[in-house]
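Both of the next two complexes hold subunit A, though its partner changes from subunit B to subunit C.
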Partner chain A sequence: MWKILRDLLRYNWEFTAGVILLAGVTIVALLSFVSPYPPLDVYVVAPDLPPSMEHWLGTTSRGQDVFWQLSVAIRNTLAFGIVVALISRVIALAVGLFAGYAGGPVDRLLMSVNDTFIVVPIFPILVLFYFVMRDQMSWGLLALVAACLGWAYDARLIRSIALSLKTREFTAQSAFSGMNAGEIVTREHLPYVMPVVFTTTMNNMNWSIGLEVTLSVLGFTDVNTPTIGGMIYWANQHAALVSGIWWWIAAPVALVIAVFVALFLLAVSMNEYIDPRSRLARMGGG
Partner chain B sequence: MRGYALYLFKRLFQFCLVVFIGINVTYLITHATPIDPVEQTITAATAFGTTSPEAIAMMRRSLQDLYGTGGSGFDQWLAFWRRIVVGDFGPSLSAFPTPVSTLIRRALPWTAGLMLVATLLSWGLGNLLGGLAGYYRRNRLLKFAGIVAMGVHPVPYYIVAFVLLIIFGYLWPVLPITGAYAQGLQPGFSLEFAGSVIRHSLLPTASLVLVGIGGWFMGMRSLVSNVVTEDYTVYAELAGVRRRRILGAYVMRNALAPQVTGLAMTLGAIFNGAIITEQVFGYPGLGSLLVAAVHAGDYSLVIGVTTVSILAVSFAVLLVDVLYPLLDPRVQAR
Partner chain C sequence: MGPILAVEGLKAYYQMRYFGTLREVRAVDDITLEIQRDEIYGLAGESSSGKSTLIKTIARAIRPPLNVVDGAVRFDFAGQGPRDIYTLSAPELAATRWRHLSYIMQGSMNVLNPVRRIRHSFVDFAFRHMSLPMPAFLRRVEEHLGHLSLRPDVLESFPHELSGGMRQRVTIALATVCRPDFIIADEPTTALDVVVQKGVLEMIRRLQREMGSSVLFVTHDMAVHANLTDRLGIMYAGRLVEEAPTRALFRQPLHPYTAHLIRSLPRIGDDTPRHGLEGRPPNLASPPPGCRFHPRCPLAMEVCQQTTPVMQELAPGHRVACHAAAQGILP
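Our next item is the complex of A and B:
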């Protein structure tokens, strides 16, 4: 494990850059636990101050310190991404592994449903969901719905691996030695798809965070929970750009772009690590 | 020909399944609402005062069908589907008493046009540049293009559109940042109107292309670098076929097939992007209509836009799938 990490850090600049960026963002998120101001309170500091030594990233028109607000927001946004990724991983693994192992009509049926979820435009459906839920829309509910809509692409990827694993000899041997389908899939096949699951986790987090930001910016979520999208929403509500409070917008936009790029770089480098040929080429051995 | 018929049949079946599941998801969502949209809307509509009783009755009936109050569960489901199939969502609240279908028909061409141009541009450019980058691996310019594409690709549409808006709206105001054509211009087939439409579509299209191009670029680059090592490519090189011909007829042509399938799979995401981009740039398409409908509490319009979106995207996917055998003759042979 440590050796893999060391190799990645040494030979893969994408991985190194991703880790450094993500570490920086995580530190900002963790700082929220020692925040001097309660995150939900407004008018705790003087409004509209530009960045200074006292307020590193300035203050908002709602009288909040941008830096400390940002650290709570990025914590919530990251947590949202992680929760959605975890739930949708479970669905994607279940559908992908069983479709690949079962094959035949079960596979065809599951993949038809799967393709439907890939194609259907999710954004209007989520807007409709917010629209009928209104005040009952919460952070957790949105995570659950997003996870239920965002598993399909990865399930297809996992299925394609499971299809090839099924034809390997150890699968036949496990079946002959009396393991049932559930045991074979979870004990024999699961370890082989785990690397791909890690890569797709990064991509899925990117997707769900983007979704959350977009919905909150339009005001289609619970905007009172501080998130990155929520911060941009409130800044837009106060016409921050027009009145020249640019730091209120620039800080969350810059930080969330850092998150996207970091997760994407990690996904790319892990993807490459899974493929031994390109790993060798990178180390100069192939 | 039998192979093509079978392929077509499978695609049609998939199309029907997408529409069926998609519309049923919206059915489930609309019927899970804890508030009563029917009474709420009727109260809001009558509050305007001068409204004809027939229009109000029409609205009540359509809302009852769409949000299901009355009758058993199965009856509600049938009534909901009947409305969708006929395309009758009743009158809209925010533009009372204009029917929802009229509003959608007015907005749909803008969204469809924006999506079509943006998709063709990002798909075409991304594949061309990606193919070149995969074939001429040592070219510095193409390597740089790859790094830029990789950097912008993971950022969501909203952020890119927003950054473009800041740059061209506040820092360097050279392009119009809102609307589909200049105000006061009469829509029609005049040179001035066409020019205005193109100028106004530049920024929304640019944001969609910027985000979209990276995926195609990287996909094509890795596909091409695989095809380059295939025996037939090496053979063509040894036989002295011109480089440009190898790239066009041997390498790109073979690498393109999975990219077309990929196009069908990402159309839904591109549509999501178009909707958000429209909202940022005030483009009068489905996206702006949807957001305005939510803010106005217009229940019929929201459900109308959602279902039409699902139908339009699945139809576009079907279209790509039907055209696919033109590029990959193996489908017909099977």
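Our next item is the complex of A and C:
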């Protein structure tokens, strides 16, 4: 494992750049635990100060320090992305692997559910959900709903791999040796689809963070929880760009773009490097 | 003790329904044979003669549309008495497989999961059947690999890191590590060059002698059969047409199809041209009436077009299904 990581860092600049960017963002997020200001309090510092030595990224019109606000926001946004990715990966893997392996009526049933989720327009549903739930709409609930809407494409992808794995000899051999469907799927097929799952995890995090930012900017979430989208929402509410408080908008936008780029680079490099054969090829090892 | 395997009147058809009409491909049609303990039984025949279907049916490794229509497959593993494999319950079947009955699959190059180390394949396939603690199990596996001249470090390799011959030996080790009573081998040497093939065949022979198990060995390669098997059955178009001890069969084949198979083998010093058999094997969805071989048979008589020949024992242990042979006409 460590050897693979070392080789990745040495031979793949996409991976190195992605890791450095993501490490930077993670450090900012972790700094929120030592924040000098409570994240939800307003007017704790003088408002509308430009970046300076005292306030690195300036302060907001609500009297918050942009840097420390940002560190809490990126922590919540990253956590959102990770939680959505994990929950939706579990659903996508379960549906995709079992539909592909079982085939027949089970496959048809699961895929009709799956295709329903693919064609359903996600954004209006989330907005509708917000209007129905309103006061109960918490960060956790939004993550759950996004996860339940975000697994369908990847389940189809995983199913297509499972369909081909099902006809390989090693599957026949596993079944012959007495493994049941659950064991075959988790022990024999799961390792095979893991590279794809890694890549789709990154893509899914990008998608869910983008979704969260969009909803928050428009105010369709619990805007009192500090998130990247929430910060931009409050900046817009105070007409930050019009009144020249550009740092209030620029800081969260720059940071979330760094996250997108980092995840994209990781997805690209993972794709190639989880497969030991292509890794050897790039290292010139045959 | 009786034979380890008795197949009686086995019929296994691929049954497909197209728009309400049933289409049947009679890949295994009325086969009866017995395999004794401690012997290597060979099964030969050209492609699409039903060899693989027969052994899949014997191992109960079949999935729809392939169904068993009639007949029984009775295994008699040490002291358990003969039981039809199709009457076993799922847990009984799982307990039988690998421990008593194992299977070296066709295209065994792909039997190993390409993304898992060899050790995991052994643990996944064989561990549950050995009732040993993990360290003892791994020691046993290493010891067994040693029998097949493989170093223990192949356990930590991925399949793509091994050569074809090594991979083949690993799959044979996988199928034999539990010392099963009965091993089915489906073309295990077909993809190998003759040098590696020779090594693998010697290894199978040696393992079989050591463990005293029975092997059902399937290949279309008559030269391999001549080298390895004790008795040989010849299949044509889903039927068993001749069965005899291998030496007797090569010395005096009674069925014209067997005679052609043997004549096609090259011999050192003999440079007469080999003539292929005219025609193609029949479509098993609508086989010809009577003897299925009669359209290609040089000895075909009128009776061959009407009546299906039955297996008759014409010499001790030598059974053949041929009207001509029954009348004493030799090919």
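Following the convention adopted for this analysis, the second predicted complex is superposed on the first by the 273 of 286 C-alpha atoms of A that agree within 3 Å, B and C clash if a C-alpha of one lies under 4 Å from a C-alpha of the other, contacts with A are read in each partner's own complex, and residues count from 1 in each chain.
Note that a contact is a pair of C-beta atoms (placed from the backbone, for glycine too) under 8 Å apart; a residue touches a chain by one contact, two chains touch by 3 or more.
Small disclaimer: the values here were computed from a predicted structure and weren't measured.
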{"item": "Superposed partners subunit B and subunit C on subunit A - clash or fit", "value": "fit"}
{"item": "Contacts of A:Met53 with subunit B and subunit C, given as first, second, both or neither", "value": "neither"}
{"item": "Between subunit B and subunit C, more extensive residue contact with subunit A", "value": "B"}
{"item": "Touching partner for A:Val34 - first (subunit B), second (subunit C), both, neither", "value": "neither"}
{"item": "Subunit B versus subunit C as contact partner of A:Tyr130, first or second or both or neither", "value": "first"}
{"item": "Which of subunit B and subunit C A:Tyr192 touches, first, second, both or neither", "value": "second"}
{"item": "Touched partner set for A:Ile4, first subunit B, second subunit C, both or neither", "value": "neither"}
{"item": "Subunit B versus subunit C as contact partner of A:Gln173, first or second or both or neither", "value": "second"}
{"item": "Nearest Cα pair across subunit B and subunit C, whole Å", "value": "14"}
{"item": "Complex contact set, residues of subunit C against subunit A", "value": "59, 61, 93-95, 97-98, 103, 105-108, 110-116, 120-121, 124-126, 128-129, 158, 160, 174"}
{"item": "Touching residues on subunit A, where the partner in the complex is subunit C", "value": "168-170, 172-179, 183, 187-188, 191-192, 194, 276-277"}
{"item": "In the complex, subunit A residues that touch subunit B", "value": "112-113, 115-125, 127-134, 136, 153, 206, 210-211, 213-214, 217-218, 220, 232, 241, 249, 253, 256-257, 260-261, 263-264, 268"}
{"item": "Interface residues, subunit B side, partner subunit A - complex", "value": "13-14, 17-18, 21-22, 25-26, 29-30, 32-35, 37, 150-151, 153-159, 162-163, 166, 170, 264-265, 267-269, 271-272, 275-276, 279, 290-291, 294, 299, 302-303, 305-306, 309-310, 313-314, 317"}
